[in-house]
Every structure is written in C-alpha cells, then in structure tokens.
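For reference, chains read A, B, C, D and E in written order, and residue numbers begin at 1 within each chain.
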Amino acid sequence: MEALYGSHWILTLLLAIPLVGAVACVAGGEGRARWTALLTTLLVLALSLPLFWTFRIGTAEFQNAVSLPWIERWGIRYAIGMDGISLLMILLTTVIMPISIAGSFSYIKTKERAFYASMLVLMTGMLGVFVALDLFLFYVFWEIMLIPMYLIIGIWGGKRRIYSAVKFFLFTAAGSLLMLVAIVVLVYLHQQQTGVSSFVYADLIQTSIAPGLQLLLFAAFGLAFAIKVPLFPFHTWLPDAHVEAPTAGSVILAGILLKMGVYGFLRFAMPLFPVAATSLPVIGTIVLLGLVGIIYAAWVAAVQPDAKKLIAYTSVAHLGFVMVGLFALNSQGVSGAILQMVNHGISTGALFLLVGMIYERRHTRLIADFGGLAKVMPFFAFALTVVALSSIGLPGTNGFVGEFLILVGAFQRYPLVAVLATTGVVFAAAYMLPMVQRIILNPLTQEENRELDDLNARERWILWPLLALILLIGVFPQPFLDRMSASVDGLIENVQTRRLPSQASRGPDLGANELRLAPTGERAIPEPDPDGGVGP
Amino acid sequence: MNEAFQPILPGLILGLPLLGAVLNGIGAFAWRDSKTIPSLVGPLTVLAAFAIGVANLLAMRAVMPHEPALVPLWTWMRSGELDISVMLMFDQLSLLMTLVVTGVGGIIHVYSVGYMRDDPGYSRYFAYLNLFIFFMLILVLSANYPLMFVGWEGVGLCSYLLIGFWYENREYSDAGKKAFIVNRIGDFGFLVAMFLLFSTFGTLDMPAIFREAPERLLADGALVTAITLFLFLGCVGKSAQIPLYVWLPDAMAGPTPVSALIHAATMVTAGVYLVARSGVLFALAPVSQAVVASVGAATALLAATIALQQFDIKKVLAYSTISQLGYMFVAVGIGAYTAGIFHLMTHAFFKALLFLGAGAVIHAVHDAWAATGAHGDPNDMRNHGGLRRLMPVTGTTMWIGTLAIAGVIPFAGFFSKDEIIWQAGVRGYAVLWALALVVALLTAGYMTRLMVMTFHGENRSGEGAGSHLHEVGAVMWMPLAILAALSVVGGWVQIPDALPLPHVDLLHSWLEPVFEPALLVAAGVAGQHGEASHTAPLGGGEALWAALSTTLAVIVILLVYRGLAARRYRPAAEAAEPTGFRAVLYHKWYVDELYDRLVVRPLLALWRGCWRIVDDRIIDGTVNGLAGVARLAGWTGSQLQSGRVATYLLVFMIGALIILGSLAF
Amino acid sequence: MTDFLFFLFSAMAVLSAIFMVMQSNPVASVLYLVVTFFSLSGLFVILDAHFIAAVQVIVYAGAIMVLFLFVIMLLNLGSAEVGDLRRGLSQLLAGSVAVALVAVFARLFLVETDPAVPEASALDPLLEAQGAVAAVAEPLFTRYLVAFEVTSVLLLVAVVGAVVLARRRAP
Amino acid sequence: MNAGYLADLALVLSAVLFAIGVGGVLVRRNAIIVFMCVELMLNAVNLSLVTFSRLHGIDGQIIVFFVISVAAAEAAVGLALILAIFRHYETVDLEAFRRLRW
Amino acid sequence: MTLDYASQSHYLIALLPEGIVTLGAFAVLLVDVFSRGRDSGPGGPWLERISVLSLLGAVAASLWLGFAVEAEPGLVAVDGFRLSGNLILLGGSLLAVLYAVDYGHREGLHIGEFYALLLLATAGMMVLVGAQDLVLVFLGLELMSIAVYVLTGFNRRDPRSAEAGLKYFLVGAFASAFVLYGIALLYGATGSTNLSEVMGVVTARTAEGSVLLAGGVLLLLIGFAYKIAAVPFHMWTPDAYEGAPTSVTGYMAVGVKAAAFVALLRVFSVQLAPAADFWSGVVWWLAMLTMIVPNLVALVQNNVKRMLAYSSVAHAGYLLVGVAAGTAFGRAASLFYLAAYTLMTLGAFAVVYAVAGKGDRRMTLADFRGLGWRRPALGFALLVFLLSLAGFPPTGGFVGKLFLLRAAIDADQVSLAVTLVLTSLISYYYYFRVVWKMYFEEGAEQAIASPGRAFRFSTAVCTGGVLLLGLLPGPALRAFERAGSEVATSEAIEVPAAATGAPTVGAEAAGSGP
C-alpha cells in the first residue's frame, strides 16, 4: 500500500491498465468485452480511490510525480504528477468510467469489442490529460482522446451521428491545432532564454514572455480550451454531440471531457501566461462569455423538446458558472469552479444515464413522449428528481456548494456579473423542473409508457454511487475542498505575483519540497531505472 | 454573564424528523402498502422533537441568556476567508419558532393520518412532510445565512413535492413547478444579499454580522439598504408578497394538511422570520423598512379584496394567508418585531385550524361524492352549504378560527392584530394604520362569507350526498379541537397594559434579548425623527381603538352573516360567472393573465428565438457557411483540374512568369 | 562574316521555329524543326562548339527527328487534324506568355551587364591545344565519367521503357 | 563585334527560341508536336550553354552533350507513350485525354 | 576511409549504393529475359529476391558510406544528408517492391521490367540525392523521371495508365527544360556546375547581386517545384497519380517527392543559401499555396486515390515549410517528415489498391463503407495511415508536423506555422471522412481478395513504422538532425541559417553521443 501510493508508479499504472484492458477487449470474445472493460475500470477505480487518502493535504507540489526522458533531444519528458486539482479530476474519471461502462451493457448491442476498447483508450487519454506535466505529453493525450470519442459518437450514435461526430471533431480540433503552434512558440521562447529545449511544464512556466505575445499565446491556448469547455459561442457542437452520442458517450463527454477545457485553463493557460490571464480584456471577455453562457444556455435549454439536448445545454450553463468562478481568481471562485466541475460530472452524468435508461425502453428522447413515469418507474422518478435538484443547485446537494462558492468568489471581484450570473439559478429551475415534470409527473397518457419496467438492479447500482456522491459532496464538501485548497492558493498566488512585471522573473515554487520537477538542465530527480518504461 | 444555557439534544431535534423522512422514504419503496409504520414514524418523530423543544424552552427560561447558544456540528465549506459551518443557533426566537413548527407540525401530522389514509402515496407523503419539518427546523435554527438558505430552499423543495403530490394531475404539478420557480426568484435575492454580506463582513455567521453591523454599515446607507432589500426579495418570494404572491393560491393543489402546515402556518412565514431575525440590518435601513411595510400593507389589501370573491374554500384561505402575511410584514417593517412574531404565532394556530377544518369539509364532501358517484369540485363553496349540522365539530372549531382571524376579543387574533395596528399607529405610519384597519374589516367580511357559504344555508352537495356527509373521525377532529383551543388562548401570552384585562407580557420579555440590539439600533437611527407618539393618527388611545376595531369586526360579521345567509347560492356547475367588479376580483385582478402576457410568453418567445436563430442560424450558420465556402473553393479549384494538359501547362507558365517576373520587374 | 552568319542562322532558327509552331501539318512541322536544328548547329560552330554542332546534326536532326517523323507516319497523322492548332483566345494567351517570357529573359540578359561575363572567348586556347573533339572528350571521360555512366543507364531505361510501352498489347 | 555582345545576342536568341517552344506547347493540341516544342526548348537551352561555355570553359559543351543524350532518351520514351495512348484513344489530340480529371 | 576524387575509381566507391541497385536492375532484366518462355508466370520469385537483395545491399552500402567514409566535395557528396535521403528512398523502394509483388501479380503486369525500372528509378533518385553537381542533378532527375514515366504508363491494358503516363511525361519534359535553363543560367553566372563552387561564387558575389544568378535560381526552383508538385506546378499530379497503377502511385508519391525534396534542400537550403534573398520569398508563397489549394480541392474528391493524390500535394506544402525555414533544423524536420510521409503514403495507397480490387475499379468513398468491420486489420492500418497523414498523435505524421512547426517558428515563420495547422484542420475533414465511411457506415458485402504475404508484411511495417516514429521518435530525430546539419559544403562556409534558434545541434550532438 505504502509502497505503491508513495511511489511514482501509481499514476503510470492508472494510465497503463486501461490500455491493457483495451487490448484484452479486442482480443477477447464479443460477449466478454463488456466484462473485461468493467473489470478493468473497476480495477483502476480501486487503485485510484486510495489516492484520496494518501494525498498529502496542504501542499501545492505535484505528488506521485515521475519525470523520465522520452524524446531527449527536444527535452520532451514523460512527466506526470498530480496536485489537488488533478486528484479530483482523476477520481472523477475513474468513478465515471465504470459507471458509464456498466451503463452501456444493454445500450450497446453491436461491435461491443470495439466499443469497450474505445472507451478504455479514451480513459487513458483523459487520465493522461489530467496528469501530464509535459506539454507534448499533454497534447498527445489531448488529441488521442478525440479519436475514440469520434468513433463512439459516429459508430454507436443516433440518426445524425455522422454530422455530430464530424462537428465535434472539427470544432475540437480547430482549437487544439492553434494551441500546438502556441506550445511550439513557448518552447522556442524558453529555448531562447535558457538555451535548452524543453517541453516540461515546470521549465516552461518560468519563461518570461512579453505581455503582447502572452496575449496571443493565451488566445491560442484559450481557444482550444474554450471550445472544449465550451464557452459561448463555441458551444454548438455540444448539443449535437450529446444528443447523438450513445449514453456512455454523453456521460463521458459531459462528465469528463468538458472538464479538460477548464483544466487546461487552470493548469496551462493561466499559469503560463499570467499577465494575459489577468489582463482586463481577457478576463472581461471570458467572464462575459461565461455569463452569457449561463443565461443564454439556460434560455435555450428551457425550450428544447429533446431531453438530451436540454441536458446538453445545461452543461453549457454549468460550465459558464465554472468559467466565471475560475476567472474570479480567488480562493472561493477557483475552488468552487473545481468542485463544480466534479459536481457537474456527477449530476449531468447521472442525468444522461437516466435519459439513456428510458431511451433504451422507449427509443425516444423527446420529452413529450413521456409523462407520468413516476407511476410505473418510482425509483427512476426518485433518482431523476434528486439528480435534477443537484443540477439546479439545491442547497444540500453538491451543486449548491459549487455554485455558491463560485458566486461568492465572483462577487468579490465583479459584483455585477455575479449578480447576473445568479439569475442563472432562477433559469435553472425554469428549464429543469418542466423537464422533470413532463417526464415523470403529469398524467400517464401514452399507452406505451404504461408497461415500462422500473430500473433493474444493474441500473440502480449504477446510480447509487452518483446519488450518494451528490449528497455527500453537498453535505460534507470540506474534504474535497481541503485537497484542492493548497493547489488553488498556489495557483492564484502564482498567477497574481507573476503578472507583476517586477517579479516576472520569479519562478513559481512548484513542488519545491520533494520530487522537484526541476528544469531539465539540472535534474534533481534521481533518474529512475531505465527499464521502467519510457512513454505510455 | 451568567448564561449557561446548553441546548438539550440539539442534534436530535433535527435528527428525528430527518430519520422519519428517511424511514418513510424507504417505506415508500420497500413497504408500499403498510400504513402502520408511516402512521407511527411520521407524527411521533415530530412530536418527539416538539417535546425536546419544550424541554429546551424550559431550560432556557431558567437561564434567559442574552446571547444565543451556538452548536457547531461540522465544517461545511471553507475556502479562503469564507468559513461556513453547519452550526445551530438556539435563542429565544429560534426556540419559539421550533415549537411552533414542531407543535403545529405535529398536530397536522396526526391529522394527516386520517386525512391521507386512503392515499396510495401514504408513506411518501409522510416522508415529504417529515422532510419539511427537518428543513424548516434548519431554517429557524441555523446560525448562518447559508445554512438558513439550506432550510429556505429545502422547505421550498418539500412544498414543491407536496403541491405536486398528486402528480398525475397536470394542474397540480404545474402549481408545484410554479411555486418552485417563483420562490427561486426570491432566492436569487437571498443569494445576492449573502454575497453582499460576505463581501462586507467577511463572514456569514449571524451573530458576528449582527454584532458588527452597526459599526461596519453606515445607517441608511446604500449598502445596507441593498442588503436588506435583496433579503426582502427572498422574503417576498417565500412569503408570497406582491409581486411574487401568485404561487401561493395555486399551491392549494396539495393535500389540505400540507396547505395548513406549509402554506399557512410555517413555511410562508419564514420571510417574516428572516426579517425579524435580521432586525439589526433592517433597523439600519429605514428605506427598506418602509418598503417592507408598504409591500406588506399593499399585499394585505390586495389579497383581502381577492378573497372576497373566491369560491374555492382553500383559495379564500390562501388569499387570507397572503393578506395576514402582509400584516406581519407591516409589523416587522415598522420595527415592531415582537408584534410580527406574535401574529405569526397566532396565525399559525388559527390558520392551521381553518385549513384543517376546510380539509375536513373537503374530505367529507369527497367521501360523500365517492359514495354517490357525483362529480365536481369538493373545494367549491357553492357545492357546500349547511354543513353546520352535519359536521358540528368542524363547524364550531372553524367559527372559533374565524373569530380569531377577524380579531374579535378575546380570541388570539385580536391581540396580535391589534398590536400591529396600534404599533403602526403610534409609530406615525398613518396610511399603514388605516390600511390595516380596513383589511381587518375585510378579513372579517370574507371569513364570514366563507363560513356562511360552507356551513349555513341549504346543503348544495347534490342529491343524496347529504346523507353521506358526516363528521370526520377523531384523528382528524382532535387536532381541530387542539388548534381551536390554541386559537383562543394563544393570544393571551401578550395582553397590553391599556386593556382592562390582566396585563401579560410573556412574549415581549421572552423575545426581548433577541430584538434588543435591533431596537437599540432603531432607536439610534430614529433619534433624529423624534419620539413615537402615544396616540393613533386620529387621536385616541390603544384601548379605544382596540375596542373600536373589535366592535367593527363584530358588526361586519353580523352584517355579512345577515346579508349572505338569506341569499341562495347555486351549485358551482350551475352558477353563472361573476360580472362587473366582482369578475375583476374573481379573476384576481387578472394578475396571472398579466404575468402570462407580459412575462412568460415574451420570455418563451425570446428563448425560442435564441435557439432557432442565434444557435441554429447565426452560430451554426457561420460554421456551416465557412465549411460551405471551403467546399466551394475546393470545387472551384477542382474545376481547373479539367484533365486538359494545356490548362496545366498554362497555369504552370503563369506561375513561372509570376515568379520570374517578381525578379525582373 | 561571322556576324552575318550569326544573324542569318539566328533568323533562320527563329523563323523556322515559328513556322514549326504555326504549321498545322505535323510532317511540315517536323521539317521546320529540322531546319531550326540545322541553324542552331551553325550557331554552335560560330560559338566554338564544333563537336556539339556535329552531334546536333547527327543525333538531333538525324536520329531524333527521324524518330518523330516515323511515329507520325506510323500513326498516319500525315495530314493536319482539325483544330490541331488552337485558335483565338488560346493563341492569344500562348503568344502573350511567350512574349512575356522573352521580356523577362531579355531583362535578365540585357538590362544588367553581368560582371562575370568576360569579354573574350575562354575556349580559344583549349581548342587550339586539343582540337574540338579531344577538348570535349577529355573531361567527359575524366571529370564527368560518373555523369557519362549515369547517362548510359538513362539510355538503358529509355530502351527498356520504350520496349515496355510500345510493345503490342498483351493478350 | 566583341564576344560579350555576341554572347548577349545568343542568349536573347536562346530565350526567344525557348519562348517559342513554350508558346508552341501551349498552342498545339497534337501530342507529338507539343513534344517537339519541348525539344525546341531544350535546344534553346543548349544554345545558352554553348554561349556560356565560350565564356567559362568547355564544361558547358559537355552539358549540352548530356542534354542531347537525355533528349534522345526522352524522345524514345515519349514517343512510346504516345504510341501506347494512341492504341487506347485512336488519337494524339491532347484534348481527348480527359478520362482523368477533377 | 577518405575518398579522393582525383582518382576516378573512387567514384565507384562513392556511388556504391547506386551501383548495386543498377547492377540489381541488370540482373533482374537478364533473369527475366532468360526465364521467359520456360516460366509461364511473369517473373518468378528470383526477380523479387534480386530486387530486394540489391536494395538491401544498397542500404548496407549507404550505411557504410555514411559512417565510415569521408570525402572531399566532388560530383557526389558523401555526407549524412545523403545517407538519410538514401535510407528513406531505399526504404520506400523496398516497400514498393514488396507491394509490387502483390499488385503486379494481381494485375498481371510484366513484373521483370517493372522491378528493373523501379530499381533504376531508385538509382536515379539516389543520384539526385547525392549530387553535388548540377549536371548530376539533371541526370539523376531525368533518370528517375523517365523510369517513373514508364512505370506510370506501365499498365498497357488500362487507358488511364497511358493517359497518366503521357500527361506526366509532357509536363515533366516541359519542366525539365526549365531545370535545364536554370542550370544553364547558374553555370553562366558562376562558371561552374559544381555546387560547392557555385556556392563559393555566390557567397562572394551575393552582395552585389546578380540577375543572371537570380534567374538561374528561380528557374531551377520552378523545375523542382514541378517535381515536388508545388502549387501552381502541381496540376499534373492528381491525374498522374490517379491513372498510374496504384503501387506505382505510392512509389511515385513517395520516392519522387522525397528525392526531389532532398535535392531541393541540398541545393537551395544549403548550397544556394547565400542567395536566399532570391528564393526565400518565392518558397514562402509556394508553401502557402501548396498548403491551401490542394487541401481545399481534396475536400470535394470522391475518389479516394485522387483524394490521396491531392493530399500528397498538400504534404509537399508542409514539407516546403521546412525548406522555407532554410535552417539545418528545417532540413532535419523535412527529412523526418519525409520518412514518416513515405511510410504513411505508401501504406495508404497500398490499402487503397487492396480495396480497389482487380483492375483498380473500386476506389470511390462509397467503396470504403464498412471496411473497418469487414476487414479489421486493413481498416486499422488505413486508420493509422490517415491519422498520420492528418497529423494526429501518436503517429509519425504528428511528430513530423511538430518538427516542421518548430522549424518554422525557429526561423520566425509564424505565418507558415499557422497556415500549416489551419490547413491541417481542413484536411481533417477529408481524412476523417474516409474513417467515417470505414466505420460509421455499413457497406455492401463485397469480396476483397485476401492480400498476399508481401502485402501484409509491408503494411505491417508501414503501420508499425508510423507508430514507432510517433511514439519513440528520439533516435530518428537525432539521426535526422545530424543529417540536417551534415551537408557537404565547400569549407569555411557556415550555413548562416543554422545559427538561428535551432537547437545547437553540434554542441548537443557532442554532449549526447552514444
């Protein structure tokens, strides 16, 4: 236990197991793939859960970090590690994955091996994004995720799956390509300043960049992330992708993939370009777009006839909250944003699962085709109600804690925006409650619905962990906040101090105590044994 | 200071109802058909909580602490300087509220055992009801605003669930949704108020805020005015004041005990509680106080007028509730916090009584119709009439309630209402005072109309129904009796000096430690406005006006009784639509229609426009347009690839010439 | 005399080249091209490239052009095909391109006198010492031996290729 | 007439012939004639090379020698290709060869 | 050993790889001639064995040359750059031979001459790559071109093949005249055709500038632009690629382009670097156009083979970014990209012909429907190739593009870098359209003949190679960076661009030696 969780290998293990599982899925029989995948993800979950407790609170350094040479000529390293922010994202991923796999058992009926293998590759990609501490590595993971997701939407999706898959793909790729240019420019600048080529985060973060250039680079990074978030007006890929994707795809898309955009802002765009990130035009733009997203998406959500599309739009609104909190750049705002990411993953994931469950029964997602389901599916009604309440941020559920922290934080910095954002709370009720009403309440008019079975044991077991987390985080959010607080404070301090030109040269104190991810020039890490596996 | 008050079993007060909710919730799935367990668990947990509350009351009475007792449970959220704990606060006010909530709540739980006995959602019902008690207790016992907000929205949730309890009726679930959304509008104000408080004080703990407010906040300043106005927005939503009162009449869709408990006795008074609780802040903001009192008075009048022409018995009571809530806001608005809380308490008694009585009537009519196979609206008073003989207990107790709400001495309502009117008078709010008087008379009017239409005259329930109409069972009328008793004696805790009655000062002295800071602040702020007078705006002392108002009320009751008893109503199905000004009142001044035209429909149109035009046309149009342009460019380019070598060579040469030409020229 | 011959050959080369292009009968075109090549051969002589002039006549005019003629005959293209010569816009375009090209080159060669170009022929001493053939042969088989060998391989490719392509259609 | 002058004239002549070749390529539709125009272009270049050779030494003439060899090779292959395509299309009109397009 | 070109025999050593391949071609021709009549089947196993062996021999010889031999600048360069180029070309040829085995049998092509021409074309490419003299550049170019013209028109049963051959030939011959004119003008301006000497003269005189020189440089550039199929000199490409027998298409897309690029890099990025003023702007424009135009046109292609043809034109644009950078780093990037490009393009065309079936008939997008499910291995291979072509990690195409981006940014060519990624975005659409046909749509069950061993082997090599270059590009990067800086020049002339920004290759190479 200690040997594993104190070591550098645990994260690599988390990355590697899904890949092995993917191969096993392809190699095994068609019927066995689902179990292989489920067991693989459960194994990863079991391995990752102890991280929550072994994580050392109160330090912003990267824990369980590894840095091995990969492409030495360019200073590209297999550098991974996690801080409080990554920890939560990792756990979110490892929790959502087995759930979405178990949620696909009856949904996916064709080409199972390929499906589950794609899911597992996707998992590696997502985990990789959250642990990568090398920009090359990050980009590789970032792009790798796209392909399984493209396949998942395109192969197992609904009627307009191809359009949606392509739209998803091109939107996302459009941003990331410019980011690639920005990464290279960053490396180039770093090389000019130090003479050493390096893609390592800890090195690049010390690069001092002229404000004007920072703005450009931030824009390039920011576009990639903003599309992924998605920030208004880059959001239109999301409803299409969500609607057409199979349930598991929607769950992952909403639950995890969207978080990568925010994570990217947090981990890369803001610390790397602090002057830009704190400049008025940038903050103004992002916060304003976030605000528009909150309100606008809520409005549009309220008039959607398709349940999945409605939920998709709520994602835009929720992530708008997250962005507003993030750019409040204070403790509450950022912590709230991170927590809200987790919350959104749980509640929106659960919503998609629920909609998927009735879709499997009725093969329609139109809200109008339902009504009165509470009568025949009481457990479903219960779960939908709880999740919907979490989604609209009812106090006592997780959604409230996140939104409250975000709004408190945002209010300190830009009161008017926060007040307007708060109206989103009203609109949230205005889109979510009618949907709930029209699905589970109202008279049971459609004959087909009369024979529906309530959720079976598997479906209930998928939902229970999510329901439990909804209440757990709602009532006891502090353990989660504790784990991220040092990282959040470190990040804020880092951004705030480095934006002052006088201190521009001062590097951040990232993990100074242990396992220092030192610049490649003077490597402080004891070189791990060379046969330890270079690269994923 | 010698306060050594230690709350007794504070966790259990909250824990018991929660436990009840959980057990009943499980029951709703696990033993759906069992009625025994919910019947026991539901009421008993609440009554046990009530018992603990009483014990606490006694203990506190022994000590009479000046500072609230704080019970920290666990850290809820801490980030940066924000530090919110799950912390309970026990002081005289919160304890009083606890008793009202658990006491009235317990009685209504018992009543529900009878009222809901045939409902398939029995267990679920008690789960919701217990959950409501739990959240209501959080609301009143919380030591900080966010936790209060948990209770605040929690009760809203329960209200939503219970209004739409019979979810298969579309109108009912619509009503629930409406309640929730309208409440959320108010909650928006609450949230913003909290943000303002946090950025001002760096904390959201009430004791700290109240302690520091007089120093930190400029009296009558913009900040405190903003804070209090936003808080009041929350109250407007929760307590159904203008302009957000529209949800409450619809909320009558829920089972009648729910209307009694949530939409009359407890939840809707949370706004009054919040203003009273935040008295220090309101005292610093005279503008807000004026707003609170004016909104309260206006609401009281508006609702009372509407109540005059309603036929649905619960609607009458609902508008009556709104009107009475307006009274309470007048009280807390003018700074008479104790008066407000006093009326809150007595109102809880008699309004719960009236609702439960109405419930008994409905229940009886419903059962009768079930036996005869008749259809119609059991709530409609035009279908009642003459029930006095058939349901004597109900009729009697409801008359007590009517007298109480009408302010007839010596019933509870007389004392609390009179204090409000008097306080408005002596504090110089002449208009409010006059309005309060008028509303008191209107109240007497519409309540008498209700009683007459329901219990007097001929029975209009239809052929054969009469024989099936009979008094409800003991489990239902016993609560009526208890509440009737409370409606009589409830006012005797506070009998003004001026009246030729024994002077009782229990309530004032009990609440004095809580409201003292607010009153001190108010005194400081009001210092420049001069002393309060001791006469009403038209002259005359307290005793005179009290006598006058009770006399007038009695006169109104008699007049209305005489006027209506002779009149013959027709059953609802045969009745004609009201006309003229009556129609305006019957249609509630057309406010719902106005909202629909001015707010709901334009918004929906806007939202649809956002989707169809902004998303589909503008954003996706741009993206697809770009793709189209790219394809068009590609197609154009491909047309050059015509297969003709000559073209290829010509393009080659043009390229070559440009390259060479760039050099030569 | 040299100048006269130079201008004569130049004029012949240009005129016959133009005729070659504008003549729609393929056989006539071939013959005009042969005339051009002969003229060029004459120019080569004037420019001290006697050996090349000989090769030009033998290989180009003699062998290659005969090959062309042969193919034309083989394909029975003796008379002009309709529209072989483009008219109208195409002609205008082609003419403009050609004129533009000349303009560009003229500017390259005439406007700026290149300092690298010496005034007198550099070949005179060499030709006097070795004679026309040896002067070319010597470097060809020493310095340019590699290139020579590559050329041989090139011709092999041409042979193999011609055989592969021109063979009768496989069954 | 001095050598420099002659050289300039020869170069311009070469350019003119090259341009005529280019014009011919563009203006003819008969594959064989087009190919002949290309041969003319090569010859034009040869003239330049010979001219330069007079200024720089014998290398230029050697290049011309190679060029003639290459031209011969190209002629062989080119004519073979023309024969091959004639078998399919029964024509040497370039406009006819439009099976591959867009 | 050290070569001294005073003795002509040393050229034999310097040209050992070319010699081996040429001899191999002779041997193939002879065996073919003598086996004919006895053996009814075309060729026989000996032909491919000889071909493969001679190519492997050339690989060995190249390695030996690159590591063990040094030489003065002469007609032929002996340097790391040529070695790298040779290895890329030989690798491509080896794979092409293997594919030809498969394809030739299926199409009934006369395989003996096919191999011989392929080997001779390879020899020509290698001459082109190693040429230090413009005469040799011209001859190498022609040797390669003429052989490939023939290969293009090789399938005499197919009118498309003949048409492609003729078009390719006519435009090629036309372009040859430009190359030749360029060489003539350069010769006229500098008095030499030896690149080292040319560079010396150019360096000395560039301050004054010379219009003649500039004209020569640009004409040469036009000629090369034709060979690498840069816009607007690319228009023959789709027709030639589409019409040629598919295994030849792969080979010409890969070999011809690689050889031309390596030569272009040697001639322009190194030897004519002092004259960069004349050509860098033009290369910038060529790169821009070549990235934008074919990517747009490829969007509307329905024929996968033709689409890949446009794609390969687009790739020339990306590669031109490396040329425009004009640095050692740019050269290294181009070499790396060429290596990845060779594998992915060959592989992609091979899969296309496997799907197309006998007679290359089924090549429209619709024919690829459901391929990923019907033939998972084939589909997966194509997926990898398409990903790499699109520049997705973890493939060689991605690392290559990153390399090119770095080169561009190091050389302060951000505009090119941005255009590169934006055009890549456009290309995603048409690459991933194939993916969607393969996986998202169901196709009618049509028999795809099971490809032979050679096909499976080479496709596996291509797939593996593409992934290897993406996952562990380290060794290749190191090799190509060294190659990029190790270009034979006349002494004492520093390549000026090499100093700007690019990793201090020399220092690092010294530090990170084996």
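Side notes on the structure shown:
Criterion: a contact is a pair of C-beta atoms (placed from the backbone, for glycine too) under 8 Å apart; a residue touches a chain by one contact, two chains touch by 3 or more.
Values in this document were obtained by computation on a predicted structure and should not be read as measured data.
Chains that touch both chain C and chain D: B, E. With contact taken as defined at the outset, chain C and chain E are each touched by B, D.
Of all chains, C has its CA centroid at the greatest distance from the CA centroid of chain A.
Nearest to the common centre of all protein CA atoms is the CA centroid of chain A. Set against the C-alpha centre of chain D, every other chain centre is closer than that of B.
By number of C-beta pairs in contact, A-B leads when A-B and B-C are compared. Inter-chain centre distance (chain A to chain C, centres taken as mean C-alpha positions): 70 Å.
In this assembly, the C-alpha centroid of chain B lies 97 Å from the C-alpha centroid of chain D.
Taking each chain's centre as the average of its CA atoms, chain A and chain D sit 64 Å apart.
Centre-to-centre, using mean CA coordinates, chain D is 26 Å away from chain E.
Those residues of chain D in touch with two or more other chains are numbered 11, 18, 21-22, 25-26, 29, 34-35, 51, 55-57, 59, 62, 66, 70, 73-74, 77, 80-82, 84, 87, 94, 97, 99-102. In chain E, the residues that reach two or more other chains under the touch definition are 135, 139, 142, 146, 149-150, 153, 156, 165, 167, 170, 174, 185, 188, 191, 211, 214-215, 238-239, 429.
Listed for chain A are no residues, as none touches two or more other chains.
Checking each pair of chains for touch leaves A-B, A-E, B-C, B-D, B-E, C-D, C-E, D-E. Across the complex, chain E is touched by residues 70-74, 111, 136, 139-140, 143-144, 146-147, 150-151, 154-155, 161-162, 165-166, 169-170, 173-174, 177-178, 180-181, 184-185, 187-188, 191-192, 195, 197, 534-535 of chain A. By the touch criterion given at the top, residues 22, 25-26, 29, 34, 94-95, 97-102 of chain D touch chain B in their complex. Those residues of chain C whose C-beta lies close enough to touch chain D in the complex are 2-3, 6, 10, 13-14, 17-18, 20-21, 26, 29-30, 33, 36-37, 40, 43-44, 47-49, 51-52, 55-56, 59-60, 63-64, 67-68, 71-72, 74-75, 77, 81, 83-86, 90-91, 93-95, 97-99, 101-102, 105-106, 109-110, 113, 117-123, 126, 135-136, 139-140, 144, 147, 151, 154-155, 157-159, 161-166, 169. Contacts from chain A toward chain B in the complex involve residues 167, 171, 233, 235-236, 239, 296, 299-300, 302-304, 330-332, 335-336, 372, 374-375, 378-379, 382, 385, 389, 394-396, 400-401, 404-405, 407-409, 411-412, 415, 418-419, 422-423, 425-426, 428-430, 433-434, 437, 440-444, 475-478, 481, 485, 488-489. Interface residues of chain E, counted against chain C in their complex, comprise 8, 11, 15, 22, 29, 75-76, 108, 110, 113, 116-117, 120-121, 123-124, 127, 133, 135-136, 139-140, 142-143, 146-147, 149-150, 153-154, 156-157, 165, 185, 188-191, 205, 208, 210-212, 214-215.
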